[in-house]
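Think of it as A, B, C and D in the order they're written, each chain with its own count starting at 1.
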Amino acid sequence: MTAGMNEKDMARRAAAEIGDGYYVNLGIGMPTLVLDYVPADKLVFFHTENGLLGMGGFAQKGETHPDLVDAAKQPVTCIQGASFFASDISFAMVRGGHIDLAIMGAYQVSEKGDLANWTAPGMLPSIGGAMDIVAGVRRIIVMMTHTTKDGRPKIVKKLTYPVTGYGCVSMIITNLCVLDVTGEGLVLKELAPGVSAHDVINSTGAALIIPEKP
Amino acid sequence: MTAGMNEKDMARRAAAEIGDGYYVNLGIGMPTLVLDYVPADKLVFFHTENGLLGMGGFAQKGETHPDLVDAAKQPVTCIQGASFFASDISFAMVRGGHIDLAIMGAYQVSEKGDLANWTAPGMLPSIGGAMDIVAGVRRIIVMMTHTTKDGRPKIVKKLTYPVTGYGCVSMIITNLCVLDVTGEGLVLKELAPGVSAHDVINSTGAALIIPEKP
Amino acid sequence: MVNKVYKSSAEAISDVKDGAVIMFGGFGLAGIPQNLIRALYKKGTRNITVISNNPGSRLGDNEYGLAPLFKEGRVRKFIGSYPAATKSFKELYDAGMVELELVPQGTLAERIRAKGSGIGGFYVKTGAGTLLAEGKETRAINGEQYILEYPLEADFAFVKAYKSDRCGNLVYRYTGANFNPLMAMAAAVTIAEAEEVVDAGELDPSTIHTPAIFVDRIVKGERYDRWYE
Amino acid sequence: MVNKVYKSSAEAISDVKDGAVIMFGGFGLAGIPQNLIRALYKKGTRNITVISNNPGSRLGDNEYGLAPLFKEGRVRKFIGSYPAATKSFKELYDAGMVELELVPQGTLAERIRAKGSGIGGFYVKTGAGTLLAEGKETRAINGEQYILEYPLEADFAFVKAYKSDRCGNLVYRYTGANFNPLMAMAAAVTIAEAEEVVDAGELDPSTIHTPAIFVDRIVKGERYDRWYE
């Protein structure tokens, strides 16, 4: 598929949601690409739930330390002004509503903003910090491919996978579009280059509100 | 009264209950005298609930610091191996059962080991850490005069003052004697010099168990 | 870029309104935000709810810290563990001029931490069966009586650090920490005064007591009184 | 005087019995008590309940940390947040050879802290309405759904510090703290390994992460592997 956004485009789009001075948690995988797209005039503190506020980026060979990793257990660096702390404080930040924004992957998102991203039938259930994050972080953006590898919609009327959290997602960024989750339903906010509203509707398992000029 | 123990004698007696390696909380007032009677061959960490483990003693002129005080808000010093921490950790130590021993003053103790030491009719109610301490510290020793200034018993069948905690006191050290609080009742463990069992019985508002050789 | 550093204590607290609920760090006089308290006194803010371990401290014949706010009748309600620390509080209380919510010290710390940590409530043995448990739910857990305590929240926390960096990372010294790190987590707006304000990167990130995320405003304290010889 | 310092990891864990419930600090491989884990493996202890964020870590084709204990069938039950960290766990789980209690990471930290802090239970929103809330009490607080969580306890905590003094005061470095300070508070017996063991007074008392009261035994770790280039 040549139309639409690739992972880097999606990360760039997600980064645009980050304000100056934000404290941001990035999920494992695709969301970590967002690190590369924060403009230099913004001071952003990236939180990793294993106990670091102010993650710099992935550590290069020779600058790794066995006790300095991110939530994906990868060696990372930290910025000036960073802090390290125990897991209870880390989740106080999360559950206590101190983190401004989390950008996460998902298996499914419902039209009400319900999120499924922790387990699926046949999978070893594993949760990490995902349920804490959706319960406490002020705003949740999901960043994912619009459909599964075999073309089934991941944006659905009702979740069929086990729920991570109810009504927690505010925005969905996919390779096809950007959707806002509102009290009225899913609003098509932006289309990716070369993608039509029709393409999005065809790939989506829930009703969409299409403003006159999306 | 010349018979009986004075405050220093009582402090020395209380100090004998402290084992090597103990973590000990001392109440405000008379119990702080215990600091002076810990033998040099024992390493004891004194806990002050405002956030210090390893209090040394009262600070002399010239060695005070406005941010280094004990639970009575007096300037103190700390020993090598001391640590400072926030109030939540301090009370985790207390409530979580980590403190071996607390030595406290009291207005009244019942024959069941119920303790009243926080307020009395007409008094401004003020609690500090006393209720947390009796709820969590492994062993509570009360150190007090046997009677009130006007001669009324402080050791009673049932408390008449508001309760700090139920069944929490293990031992009572007074100017007249040492009592153990047991499942059977108050046992006269030791008599102060020049004091008879009869003297103790006359000054006590609860039944006492007098072993054959007290 | 976001600047958290304010020029003066007065500027840092300029939007505190009458009726505000304010947490004040400190135990006795250790770790009290003395410059922010002085600025609040000068500003004349009234009808305050004070959450603090004690309502000021008495040394000899003088009373310090929060005591002047109480004496001037600026405080509607005190939530704390040790009101007996000042004569001025007792006088106001006996005269029915101030409301008191008495909370055991450990429960006070934990209720504040709960708010900052997104804990909706918790059970403690502290106070079970006493006057301070009146009106509170109880529950037997493993055969022992616990009472249910709820979080304490505030519009502002005034805290005092030894050092802050320009991001708002705080370190405390000696027993100056006490309630400060907990209150910093719990209020809608946290204002920190520090003896020194340093650049980002000057504090060892493994020794930060209060991470910057909990601190909204920073000011270098104008004056630090010492009360003991 | 009381001596908490043991000569070897083997000596420090010599009384750990089959069937023990053990908390292991560490997240991924950061801050894991690798020497104590190796000693436990050599000792051959069986039927262990492991409380840890993850059951070891996979790097390339190899698995480290707790993974060998699982592979050898020494673990009866795993309580943690991220069992998917190793292939070996999945194989055992699929074969019905190990029990799993899955706990969200923040709730795991808080349940451990609760035990160490004398909290009988607490309410969180985390997991409300999900599979992980099944069988748990719920309560509406300020119009939101919370679930009741209880403390987690253990016979032993194996923790890893950067430095310990001879009294047992611990400091951690970078993300090596994670669950270690919480587990140190929660177990009946806490055994700490440290990269360096120093004399009392050598650590700044205002920068201690785990006060000595929470630590029963100390050992200087024999060998520290680095897993990353």
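Criterion: contacts are C-beta pairs under 8 Å (C-beta built on N, C-alpha and C of every residue); 3 or more make two chains touch, one makes a residue touch a chain.
Keep in mind it's a predicted model, so treat the numbers as computed, not measured.
K.L.:
Counting C-beta pairs in contact, which chain pair has more, B-D or B-C?
P.N.:
When B-C is set beside B-D, the one with more contacts is B-C.
K.L.:
Between subunit A and subunit C, what distance separates the C-alpha centroids? Give it in angstrom.
P.N.:
For subunit A versus subunit C, the centre distance works out to 36 Å.
K.L.:
Can you compute the centre-to-centre distance for subunit A and subunit D, using the mean CA position of each chain? Integer Å is fine.
P.N.:
So the centre of subunit A lies 29 Å away from the centre of subunit D.
K.L.:
When you check subunit A against every other chain, which residues touch at least two of them?
P.N.:
78, 84-85, 88, 91, 94-95, 135-136
K.L.:
Which positions in subunit D touch two or more other chains at once?
P.N.:
In subunit D, residues 110, 113, 117-119, 124-125, 172-174, 177, 205-206 touch at least two other chains, as defined above.
K.L.:
So, with touch as defined above, which chain pairs make the list?
P.N.:
Those chain pairs satisfying the definition are A-C, A-D, B-C, B-D, C-D.
K.L.:
Over in the complex, which subunit D residues touch subunit A? Could you list them?
P.N.:
Residues 27-31, 53, 57, 81-85, 89-90, 93-94, 100, 102-110, 113, 124-132, 162, 172-182, 209, 224-229.
K.L.:
Would you pull the subunit D residues touching subunit C in the complex into a rising list?
P.N.:
Counting only subunit D, the residues touching subunit C are 110, 114, 117-125, 139, 141-142, 144, 146, 150, 171-174, 177, 204-207.
K.L.:
Please give the residue numbers of subunit C that touch subunit A in the complex, ascending.
P.N.:
Residues 1-2, 113, 115-119, 165-167, 169, 185, 199-201, 205-206, 208, 211-214 of subunit C touch subunit A in their complex.
K.L.:
Within the complex, which stretch of subunit B touches subunit D?
P.N.:
The contact residues of subunit B facing subunit D are 20-21, 23, 41-43, 45, 47, 53-54, 78, 80-85, 88-89, 91-99, 135-136.
K.L.:
Please give the residue numbers of subunit B that touch subunit C in the complex, ascending.
P.N.:
Within the complex, subunit B contacts subunit C at residues 48-52, 59, 61-62, 64-70, 73, 75, 78, 84-88, 90-91, 94-95, 124-132, 135-136, 162-166.
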